[in-house]
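In the two assemblies presented below, chain A is common to both, partnered first by chain B and then by chain C.
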Partner chain A sequence: MQAVDSPTTRPAPPGGGTEQRAAVPRPSRRRRADARVPWLLALPTLVVLVALLAYPLYRMIVLSFQNMRLRELLTGLTPSWVGFDQYEKALTDSTFWGVVGRTAGFTVVSVILSVLAGLGVALLMRRVHPKVRLAMMIAMMFVWALPQLVAAQTFRWLTDSDFGVLNYLIDKLPGVDYANHSWFVNPWQGWSLVTVLVVWAGIPFLAISLSAGLTQVPKELLEAATVDGATSRQALRNITLPILKPLLTIVTTLSVIWNFGLFTQTWVLRDGHPEPYYQTLATYSYTQAFGQSKYSYGSAIAVITVLLMLGVMVFYIRQMFKIGEVD
Partner chain B sequence: MAAARQDDQVLTVGRSRLGTIFANTGGVLFALVMIFPVYWVLNTALKPRDEVMSFRPYFVPAHPTLDNFSSAIKAENFVEGLINGLVITLLAVAAALVVGFLAALAIARFAFYGRKAIILVILCVQLVPLLALIIPLFLMLQKANLTNSLIGVSLVYLMLLLPYTVWTLRGFIAGIPKELDEAAMIDGCTRAQVFWKIILPLTGPGLVATAVYGFIQAWNEFIIVNTLNSPAKQNLMAWLLQNQTERGTAWGPLMAGAIITSLPVVIFFLLIQRNIATGLTAGAVKG
Partner chain C sequence: MKRKIAVAAALAATLLGTAACGSGGDDNGTASANTKVDGTGKTIKVWLMVDAQTSWKNVVEDASKRFTAATGAQVNVEYQQWANHLTKLDATLAGTDVPDVVELGNTEFSKYVFNGGFAEVNKADFENSGTWLSGLSGACELDGKTYCVPYYAGARVLVYRTDLFKAAGIADAPKTYDEFLADADKLQSGNKDSKFGAFYMPGQYWYAAMSFVKSTGGDIAKKDGDKWTGQLSQPASQQGLQRWVDAVKKYSKADVTKNENDQANIFSQGQAGMFYGNAWEQGVAEEVHKDPNDPTSPMVPTKVKGKLAAAPMPEIPSFLGGSNLGVTQKSGNKELAAQWIKYFTDSTSMSGLVKANALPNATALLDKAAADNPTIAPAALAAKQSWFPPNAEKWADVEKGNVLQTMLTDVLTGKKTVADATKWADDQINTTLNES
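Our next item is the complex of A and B:
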């Protein structure tokens, strides 16, 4: 995290800071009182964050080095210290690596598809009739407004094996028998469905942000390129995309963070009991802790998850600093 | 309107008529595919049971009925969920606004040592997957006897909303020209008066937008409340999840329940959508 601020990379003032500090006149009483004001204002926020975020984070790390089970939970006994056992257990378990691979694979595929779809829709919105654009906007707004849980339940119903409308429609295709087809028996089909759900729900944010970004592309540039004989594909690659790049980076990073933490969609589609091949890091950690009362093992998995995401998070924050949003 | 038409002309330079027809068709198709699941929720909720449970789906209800809605409302724990949800959400949002506004003021209006560190913390915290913290939070709240209580969940939600609240309000406060503060102070206003008479009224719309967004976040949450509390102490979202697992195939009432549960947030969302669209990526789009 310090890498973002990178105070260490700045050249140190010659002779150290002490002399300079001595030169500054002592602040008056009034000034010193002023210096306390911002900290007093920030204090309640800091207290909440320490009590409900930093401390739980610390507890989670401690817990991951212990062995907390149902017995400790019920009796209130201090769980025994087991060192790196939980981590060793996870890192030598092929099930765990399967979960990691699945989560990473899903994240890569779903983010690529979402961003491409979002970009495509954003570009499409520039070409269509204003009325069509309005229809697209309205459709996307409703999808965006839908709570995650409701969106997932809707897909559960659309793909219901007996009365789902999706099977009915696919069954209409010549030579295809999809009556009573169950979408979740074959994990590839099930995951395709999860991906479609995530991409569908993700498009509004991506397309609307990117289309806002597209309005920043100077029309003169595109015109000039057209006059100079550039094809629309060349104009897209050499003008539009470079200008859009900072925004694309941000929305892609956010999508990675969100999709990596996939929980609601598989949870709802699998009725609260995701089969092993529908487990991702978030659901796996949760079910280990609350399904099997392995609170420490669940914590170790959560710690590993956060560590895996740290790189992406640092990247995001750097980007925010770079574009000058943070001053 | 004239400007818009001109824009269209510029953009269609060198583009074929066929391409435009193609694009418009694609746009309409896209809108239809996107909205279809939303339509299907509505369609299902309005159909009587035999039309829902039909191997040949009814694309329009033949005998529209509101039975599903009354059946959803009469389901166990609906009223509790509604009240609990409102209490938890309003408590969390109100607390987040008060606490967050002060911090936002500090970041936006004061230059002080440690300011950048606070900004960094706020940004990082927004990215921490909160689900990862649910195990220690559960154990902590259990020890403090705050599981199965509305206060416990509200506290967690306060933490959930706070970083975003600080960050957005910071933006709104920073948007008020500092010269206004200075002019008022030269005219003899104290810092407190500047706050009450200038900053607070001018941040009003921002406060409303932030509150509404916070409401949506807290209202939509169900995993934490489902983990910490028993069904009678949960919110409407968790109630909806409970309904799915308990009454697996009753899709009509379930979809009606989904509409009732999401109606407030959908309305709120549509009201403040402009803010949400730019909130997450503000700065990346300079305009």
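Our next item is the complex of A and C:
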């Protein structure tokens, strides 16, 4: 408290009881002002957040308890309230659960692959010549800077069955006939492409973040471990990874969030009309709401998606908070 | 989550307008196109699809000029893309600042007519309305009232390579389906290139597949009383579908997961002998813009320039595609809007469309069209024997739900038999069309 006191209170004669009592309200008034200022400073952000996030979210939740169809949209009639009907419809539909399973499966596979690849690239970057490291950084920045839509369009043309350069190159291999090969007939092949695209686009963020995290690993520890005869694998598992753990948790969490909401990549690769076996929660919600004018059903699916993801994330978020407390 | 919320925000933003316009649709009167209106100082907003901009912009301008001369009102035409126009239309019609005239594909119209999106028009006000093509006007009719006006049509024809036909010793276009198969055999056996397919047919081209279903007396869905029933698993339909599957498997090298959107461009690479497309696609296959991103760049010939001809597809009834025009229910200028449609669909405008290789909106004009423009003669002939998807409120949802496309791909890849796939599709169609 003393360090904060303004110089004007200091010259006050000591021992003067009245002065001391008179001085009491002053800091308390200042405290009141202190409490208001942060809110005031945060106000513009809060207004934007409420307008862009909270209100649409509120409308979406309201919508999911109604039955809004094209007629209500076009004529402005108030949609009827249907309670939990939309949720019941989704949760008892095997198609919906198929979509949930597909989305979850894709998320697990793609996140594991991208975190491993990102960590690998980050470790590699610590070992190579600084010039090579710079070249790697620049290359990854380009990948990072590429908008999802552009990257997805590029992949679509690379893998096009009639004009794609991928088929052309594979076809050049002796004894392989890949002319006019369609990559999306077999869902496993199609999903492999989607995964490659997502992992490829996800690596720069992971690798750059993790390589920044790696600079925090004290060299002395690693040197000491080497002197004590630890193999590089042991050093990685017992020194590097524990230090990286908080960062790994955060980037993994973010990857889960991003990949769970997969939309652009499948949408573009399937030319705006993904077949049932290419539907994920995001595209399914969108096609139900906008394609089939089931606005309420689409909203219910979106709400369920958010809840599902929060359910999975609770574990990670708690861990993130724990890390914060230790720090 | 970010993207999830983005979707949610878009969803909510679309609906924001709804509350603000609760009283927008109260005026339910018929929009007359013949009353004298003074439109001086007014401007009507017209949404046409991009085809009008690329192929017959002069017809649009001419009709607007005559409309302005008669009413004094100005016209503001905005061109829309097929890929996203319905989403955009939904969002716009939910608000108050709506276009007065909207063009939609004929299979898309029913949904909006059933849900009160368009105002009633007086059929007799429009020229040739007595002989409108039923494939177009079917979507406009509800309970004996008319809610839109047929605009133009396209019928699908067989486009073939005359040079390859000659090399294979085929004198003329096939007249029967058996001749078609025999010609395809000759083309296929006369070409040693493993990439060559005698008949280009992408696997999700459902308009084509359903034409084959119709050719054997099959159907997609039928209405009994209030209930729709899918007909694809009926023997006649399965027989037609099998006919299509056999032809595709034997003669087509096309991607089974693609639709027909880029078929003309693929055909112009020269690796197919025939394809089934709209009459104007012949032109697309023969000439392309030098810079595909610049619609004003000069046209350059493709590999197949001057080597193509068209004929009606023998024994296969043609799907009648096309567009209609409607006056939006929320429009503040309904009578002016109806008048503009009157000028844009009269015989003068129709002959302009015929010059641009589109089919006119009425059977009475088809013969004249065939005589005036030999290019569209096969299509005009095909249009006389044409079919149209079920006129059900929810039909557009079946299309959007990829039901038929998925069925076709599943059969072609061998994932399902024709019997299983048609049974599955019927279930989907029954659920979608009968959903309340």
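One rule holds in what follows: the second predicted complex is superposed on the first by the 257 of 327 C-alpha atoms of A that agree within 3 Å, B and C clash if a C-alpha of one lies under 4 Å from a C-alpha of the other, contacts with A are read in each partner's own complex, and residues count from 1 in each chain.
In this text, a contact is a pair of C-beta atoms (placed from the backbone, for glycine too) under 8 Å apart; a residue touches a chain by one contact, two chains touch by 3 or more.
Bear in mind the structure is a predicted one, so any value in this text is a computation, not a measurement.
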Touch test for A:125: chain B only (first), chain C only (second), both, or neither? first
Using the touch definition from the top, say if A:138 reaches chain B (first), chain C (second), both or neither. first
Given the touch rule stated above, what does A:305 touch, chain B (first), chain C (second), both, or neither? both
Considering only touches as defined above, state whether A:226 meets chain B (first), chain C (second), both or neither. first
Name the contact category of A:216: first (chain B only), second (chain C only), both, or neither. first
Examine A:88 and indicate which partner it touches, taking first as chain B and second as chain C; both and neither are also allowed. neither
If touched residues of chain A are counted for chain B and for chain C, the larger one: B
Check whether A:37 is in contact with chain B, with chain C, with both or with neither, and answer first, second, both or neither. first
Does chain B (first) or chain C (second) touch A:70, or do both, or does neither? second
Footprint overlap on chain A, comparing chain B with chain C: 52-53, 55-57, 59-60, 63, 68, 73, 76, 162-163, 179, 257, 260-261, 263-264, 271-272, 282, 285-286, 289-290, 295, 298-299, 302, 305-306, 309
Looking at the complex, which residues from chain A come into contact with chain B? 1, 4-5, 35, 37-39, 41-42, 44-46, 48-49, 52-53, 55-57, 59-60, 63, 68, 73, 76, 121, 124-130, 132-133, 135-136, 138-151, 153-158, 160, 162-163, 165, 168, 179, 200, 203, 205, 208-209, 212-213, 215-216, 219, 222-223, 226, 232, 246-247, 250-251, 254, 257, 260-261, 263-264, 267-268, 271-272, 282, 285-286, 289-290, 295, 298-299, 302-303, 305-306, 309, 313, 316-317, 320, 323-326
Provide the residue numbers of chain A that touch chain C in the complex, in ascending order. 52-53, 55-57, 59-60, 63, 68-76, 78, 161-163, 177, 179-180, 182, 184-186, 257-258, 260-264, 271-276, 281-282, 285-287, 289-293, 295, 298-299, 302, 305-306, 309
Enumerate the contact residues on chain C facing chain A in the complex. 1-5, 7-9, 11-16, 18-19, 21-25, 83, 87, 90, 93-94, 111-112, 114-117, 194-195, 253-259, 261-262, 266, 269, 329, 397, 400-402, 405-406, 409, 413
Quick one: in the complex, what on chain B touches chain A? 4, 7-8, 10-15, 19-20, 23-24, 26-28, 30-32, 34-35, 37-38, 40-41, 44, 52-57, 98-100, 102-103, 105-107, 109-110, 112-121, 123-125, 127-129, 131-140, 142-143, 155-156, 158-159, 162-163, 166, 191, 219-220, 222-223, 227, 237, 240-241, 244-245, 248, 251, 254-255, 258, 261-262, 265-266, 269-270, 273, 276-278, 280-287
